[in-house]
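Next up: the structures, one after another.
Below, chain A partners chain B and then partners chain C, in two separate complexes.
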Partner chain A sequence: MCFQNLPVEFDREGRARLREGAADPYAYRPREIDRSGIEELLRRNGHIKDVNLDPVTRVAGALAFHAVVDLEQRKVHEAHSIATLFRGYEVILKGRDPRDAMYISSRVCGVCGGVHSVASSLAIEMAFGIAPPPMGLALRNVQLALDFMVDNPLHLYLLAGPDFSQVVVERTNPSLWERAQKAEAAHANVHGFRTVADIMTALNPLTGKLYIEGLHMTRPAKEAYSILYGKYPHPQTVVPGGLSTTVDLSVLNETHNRMSRLIDYAKRGILLWEDLTGFFYEADARYKQVGTRPKNLIDTGVWDDPFAYDGTYANAPQWGERRWATPGVVIDGDLVTTNLHHLNMGLEEFVEHSYYEGWEDEGVRYRTDPAGNPISPNHPWNKETKPKPVHKRSWRERYTWDTAPRWDRQVVEGGCYARMWTTAAAGKLPHTRFVESTGTSLKLHAPKTKLPAMEFEWKIPEVWNAFERNRARAYHILYSMLVGYENLLLAFDLIKRGDTKVASPYEIPRDERVGVGFWGAGRGYLTHHLVIDKGILVNYQVLTPSTFNASPRDPWGNGGPYEEAVVNTPILEEFDRPEDFTGIDIFRAIRSFDPCMPCTTHVYDGRGDRVITQDVNTCACGIQ
Partner chain B sequence: MLIGGVGYRWFGDASFGLVATDELAAMEWPAGVDVVDLGYGAILAAQDIAAAQPPYDRLILLAAVPRGRPAGRIYLGRWQGDRASSSELQERIREAAAGVIDLDHLLVIAAHFGALPDDVVTIELEPVDAGGGERLSGPAAELLPEVLEMVRREALSPGGGIAQRT
Partner chain C sequence: MSEQMVTIPTTARVDQPVEGETSRSMPDQLGNVAGANSEELAERLDRTSGRDATEGPVKKAYIFWLSGMSCDGCTISTLGAEEPSLEELLNGALPGIPTVVLHHYALAMESGDHFTHAMEKAERGELDGPYIIVYEGSITDENLTLEGEPWAAEGSLPTWAPADQRRRISTPEWVRRLASGAAVSVAIGTCATWGGIPASDGNPTGAMSLMDFLGKDYRSACGLPVVNVPGCAPVGDNFTETVALLLLFLNGQVPLPDFDELGRPAWLFSETVHTRCPRGAWYEEGTFAHEYGEKECLAEIGCWGPVVNCNITERGAVGHMGGCMVAGGVCIGCTMPGFPDKFTPFYKRPPVTTPATLLSRLHGMFVRAPRRTSQLERNREPRWRRETPSGWAIGFDTTTVSHNVYEYFYHKLEYLRSEMPGRRKAVEKYRSGYLTPAEAAYGEDYFKMLPNERATEARRRGVPQRRGLSPQADGFDTPLEEEE
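Let's turn to the complex of A and B:
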């Protein structure tokens, strides 16, 4: 029984149905948010500060963060994640030809556009009743690995890495820097940095060796991507039913050369983050609390088995479990399902604290999914995007353009580590050439490249925090490269067999259909839900990892993952005067999620029919 | 010579650079002149410019850039090669890494990596309409043929077009 809160039960055959006896089974009563305690604290205590951290992502100021921090007790009392811009893609896509979705939804993100294109094509394939041939699927898998290869190193070395660099640590925690200079790095023989201080120095922005290497290593991944798919980051070769590109041996050889280099890079990166994490834990065990939150994670799984995927919703539980990353939901550290139907049934999206209107007046389009499983009126197939900007933000009422997606009404986070966790815990991985799932860990068998063959093991962590997110991300780079590599070898085999077809034909159905693309970004979970009728899109809903992670409070008053992680973060920074407080521990907590607000938001001008790119005030000062 | 458009697709006037290079790319050009869409991120674009063999001796970059000037006009400029402070450079790299497309990001980051030739000309539209959409605003659309002709003249007869008007 995977649902604890939704009114869903299963019969002996495992068929889901609504619990009997409830007149309005999905009804809920929103809880009022009481801030009187916080307001009283602020009034009475000068050392308790309203802190506005803005921008957090450094991505055009799209994510701001507000926290109430007790600088004496070194404790965060309250946190709010604020998406300052509106993402209008759901509105833009409505009424269009479904085939536009790949190209338009790709623009949701300037880094991971390709994953949105593929999520669109998966949703369309389901609605059209088609599936790509094996070569199309194998190349789609390589494409995803390369997408991750751009995203994950950029995050580790350009966005999060500077928070652990010498210039930052020396300023925020001088005693830690002193200790780092004496701390021998355990894996110096592989990565070449003798002390932890050397690693921190290499993470210095602009000048650090790791920072510069992180910049340069995006190039071979992007080159391989462009060779196979025409261009990066918005490929024009993703089509429903496969790819519109052609493939031959020289293209695969060019890709192979670059992937070998990337695998070397990934091997070294794991050991760097192992040494860095170990150092912080040993220096002060309280670092295990930075960014901690319940072990509640969600992932749809990615990388389809080219010989098992048929694109249908009916068979999603079967082809889902054949993926190189197993779908799943983890609640309190336990894997509660790996079934894509269950994952989809549990989804709801709430807007009580967001700048949107509800869609109750529209009626409920679907009571069940195509397999007859009950779904909520708040499910993405029923949700409508109805923006409603307000003049003044309020922490009690509405304060963000993000919505609150929940699974089984629980706060879950997405991340590349979530797919590692579900895959490791499930023990169902059918492809074991380079990756093995043990039930408690993922074993990575990295082949010989320039570095020798090496064995790595990512273990499901005992604690869940900012450091574990980053450490897992370093493993994820190698994991995704190994899956990409295996699929590249598969493509070589298919060419040898003369099986070079990359796409399947299709016709656009005129009747009403639904589809969902279960896919993933470098940052984690990704779904695109669509409804088509008479050959056009009548509803389109995108759920990204940042939609989950940056979400505001839900109707029951539970904060989103960023908010939870920040409230649980101790202030370990060393400072004597309040004005010297930089908020580094809070930044580490938030950045460990790899926040990407372009995925979550776009710019809205308040007139309902246009998007704008300027005049956005991201300052949280003066909010009620 | 490289002629590059910088900007986002389907963003009204903000797409001006890409709309222009789409048109220019459809024209016939002599050997040695490349016309490309550079709206894929400053880091990757700078890497590509730096890797070109033989190196480009001239860049003409087109983009819409809101700088508070009178709107609906074209502004020609020559990149002076000013180096950004390290904090500014870091912020620009971070934004570019995260997907923000911006002409100044490209210029500053490409300059940092030594990817720019000495001769870099910028053709900027001060956008009229910052709204989204698939089309340029009326004034921007009216300016487009003149800009295309300007670029073409310069590329086919170096020194006879933009350089004299800058």
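Let's turn to the complex of A and C:
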């Protein structure tokens, strides 16, 4: 029984049904938020600091953060995560041809547009009753791996990396910097950096070798992506029923070369982050508390088995478990389900603290999913996006454009590491060549590239914090490259067999249908839920990892994952005067999630003559 | 280490304040994790590396990257660019181009007020160089949020006031504050150039483009209307190239680049994507793809290429690789002002496609066959008169009667208003009529024969040949001369 809070129970055959007896089973009473204690603290002031960070930089998109920090006790009393942008994609999608959803919803996020277009096509294909042929599925898997190959290094070296760089550590923790200069890096023989200080110097913005290399190494991935899918971001070859890529050995060769270089890069990256994490843990065990929160994680699983996937909702539990990353939910460190039906049934979205109107007035469209499992009136298939900017931001009332999605009314976190966690714990990877799930760890068997063949093992961590998120992300690069590589080999094999069809034909149904795309982004969980009727979209809902992670308080007053993580973060930076506090530990906690706000905040939500040169010949604007 | 890595010898020291540094004079250090904002960090890097050799009067230029209703895709595209790359611009690696100090929320070291502060400085005209604003994403209509929270906001002002007394600053307000002082205003991506998807039909936010927002009379400090680099997402190289050329222009190194009637870089956007498409020739020969994944022209399965201003098929998407139709994706017009509403529903035949492709099929019927005949002929060496020595195509030399009939007419028209290819024989090689000993011995025709024919010809003429050197005639088991 995976649900503790939802009014759902299972019969002996495992069929879900509503618990009997409740008149309005999903009803709840929102809890008032009491800030009187905090307000009293702030009035007394002293060492209590009201921290307003607007904007939080080095994240994708628009994020602001508020916290109340006790600088003497060095702890955070309260935290608020604020999405500061609304675009209304879900509203724009209403009334459109369902096939347009792929190209339009791709634009929800420019960091990982491709994952949205595939999530969208999976939802559409489910509604249309079709599934892509094996080559289409194998190459979508390659596509996803390449997407991750851009996202993850971008985060580790351009967004989060600078927080561990010399210029930051030297300033915020001089004693750590002293220590780093003497600390030998354990894997210097592979990555080439003798001391931890050398690694930190290489993480410096703009000049650091690792920073620049991070920028460079996302390019072969983008090139391979452009070769197969047209461009990056926002691929052009994802179509309903598969792909429209013209596949031949040449494009696969060009991809193969690039992926091999990337596998090499991924191997080195793991060892760098191992050394860095080890250094911080050894220097001060309290770093294990930075960004910590309950081990509650969710992932839909990704990378379909091309020979098991049939695109139907009814068989989702079966094909879901055949994925190269197993779907699942982890609560308090235990894997409570790997069933995509359970995952979908448990979803609810709340807007009590967001700039949205509730959708009670719109009626409840569905009481059950297509397989007959009960779903909540707050489930994405029932939800409507009704933006409502309010007069003034209030920590007790409404303060963000993000909503509060919950699973079984619990705060869960999405991330590439969530996918590794569920996959490692489930032990359901029967069909993979390079990745092995042991029940407690993921073993990665990396083939020889420039570096020799190497074995890596990511163990499910005992503590859950910012450093573990980053470390796991370094492993995730290799994990996804190996899955991508295996799928590329599969594509070679399909060509050998003459099975090169990339898309299945379809017709747009005129009756009412629902669909859901279970897919994943570089930062984890992703679903698109849609309803079509008379051949047009009547509702479209996107749930992204950052919708979960950046979420505000839910009706029961529980903060979202960023908020939880920051509240649990000890202030470890060194400063003498309160005004010298920079907040680096808070930044490390937030950035470890790889915040990506564009998709969070969407969500709800001839030729002429050349005329310009006329009066512009020289430019003297403000040069002096 | 990978040889693709760039080594830059400098190291930024943050514990030494630089003259005129502002971040330390702010009320507190919150968000200032590197002890220096990105501008100061760049300055320090500049000094430690002794980089003062930029050609031209402008040594340094600021770019303020403002992000409205964006997906960050334009930023991601820019990170992939290499003509030039972002790191080359930021590290002052290109002589003649001022070192760029980029103020970008996704890359800045500092957060909060320390980030906002630089924009305030620019507005007050306190920077030591010209600045460019780059706008990504559509612009919201904040009149629609009435007294409420903005649709899109970045930072709050005034920075000296306590948090609860501040006003959150919407991105249109930042544009309003910074656009008139900017040397150039560049809109990147289709949202910023034309409005894009956030401004499409049914949008709740009243979104529009930078050009819509600033109006027809807007001129930057340099006298330029908004420069528009469209695309969803744009080709990164199109953007960095435009910026690099504008910076070279600011520095007096190049003339002002050409822009078209909509402010697009004319050298990039004046032709259609179809003109430059590798599949365009399929259209010309009237051959079209009917299923996804086929290699021919995509016009009949939804490609808008023939009417869309774009260069992605020529330049490629990233590192000159890929491009929509190159890979097999139809053009959906993402660089165009009409995107998306004048192109949806996607995957339908664009207007006028059927009559146009019908005509091209007719045209194709006439040109395709003679081209293939000519192509076949060009695929044969003059020596291969009787047979082709390729083991790959054993039955290739047999021709049918109808083929011969066709060839007859083909040869009648083959060189109409054209010239016979090959060497002209009207002039002797040597005026004296000199023949090399080999020509004298073997005759001129020998050179147009394959080796087994040559062996026969040599025997006929009684000229001895080297043993074993014509495996076709002698077989591979005949020993070579020197093995005797």
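Quick note on the criterion: the second predicted complex is superposed on the first by the 595 of 624 C-alpha atoms of A that agree within 3 Å, B and C clash if a C-alpha of one lies under 4 Å from a C-alpha of the other, contacts with A are read in each partner's own complex, and residues count from 1 in each chain.
Note that contacts are C-beta pairs under 8 Å (C-beta built on N, C-alpha and C of every residue); 3 or more make two chains touch, one makes a residue touch a chain.
Nothing here was measured: the structure is a model prediction, and the numbers come from that model.
If we overlay the two complexes on their shared chain A, which of chain B and chain C does A:Cys109 touch? Say first, second, both or neither.
So A:Cys109 meets both chain B and chain C here.
Who wins on chain A residues touched, chain B or chain C?
Greater contact footprint in residues on chain A: C.
Is A:Val502 contacted by the first partner chain B, the second partner chain C, both or neither?
second
Just chain B (first), just chain C (second), both, or neither: which does A:Ala188 touch?
A:Ala188 sits against neither chain B nor chain C.
Now for A:Lys231: first (chain B), second (chain C), both, or neither, which partner does it touch?
After superposing on A, A:Lys231 lies in contact with both chain B and chain C.
When the two structures are overlaid on chain A, which partner does A:Ala283 contact: first (chain B), second (chain C), both, or neither?
neither
Go through the superposed model and pick first if A:Glu170 touches only chain B, second if only chain C, both, or neither.
second
Starting from the residues of chain A touching chain B, keep only those that also touch chain C in the other complex, and list them.
57-60, 88, 92, 104, 107, 109-111, 154, 158-159, 162, 205-206, 215-216, 218-219, 222, 231-234, 596, 598, 605, 610-613, 615
Which part of chain B faces chain A closely enough to touch in the complex?
8-11, 14, 40-41, 43-44, 47, 66, 86, 89-91, 93-95, 97-101, 130-133
Considering the complex alone, what residue numbers of chain A touch chain B?
Chain A reaches chain B through residues 57-60, 88, 92, 104, 107, 109-111, 154, 158-159, 162, 205-206, 215-216, 218-219, 222, 231-234, 596, 598, 605, 610-615.
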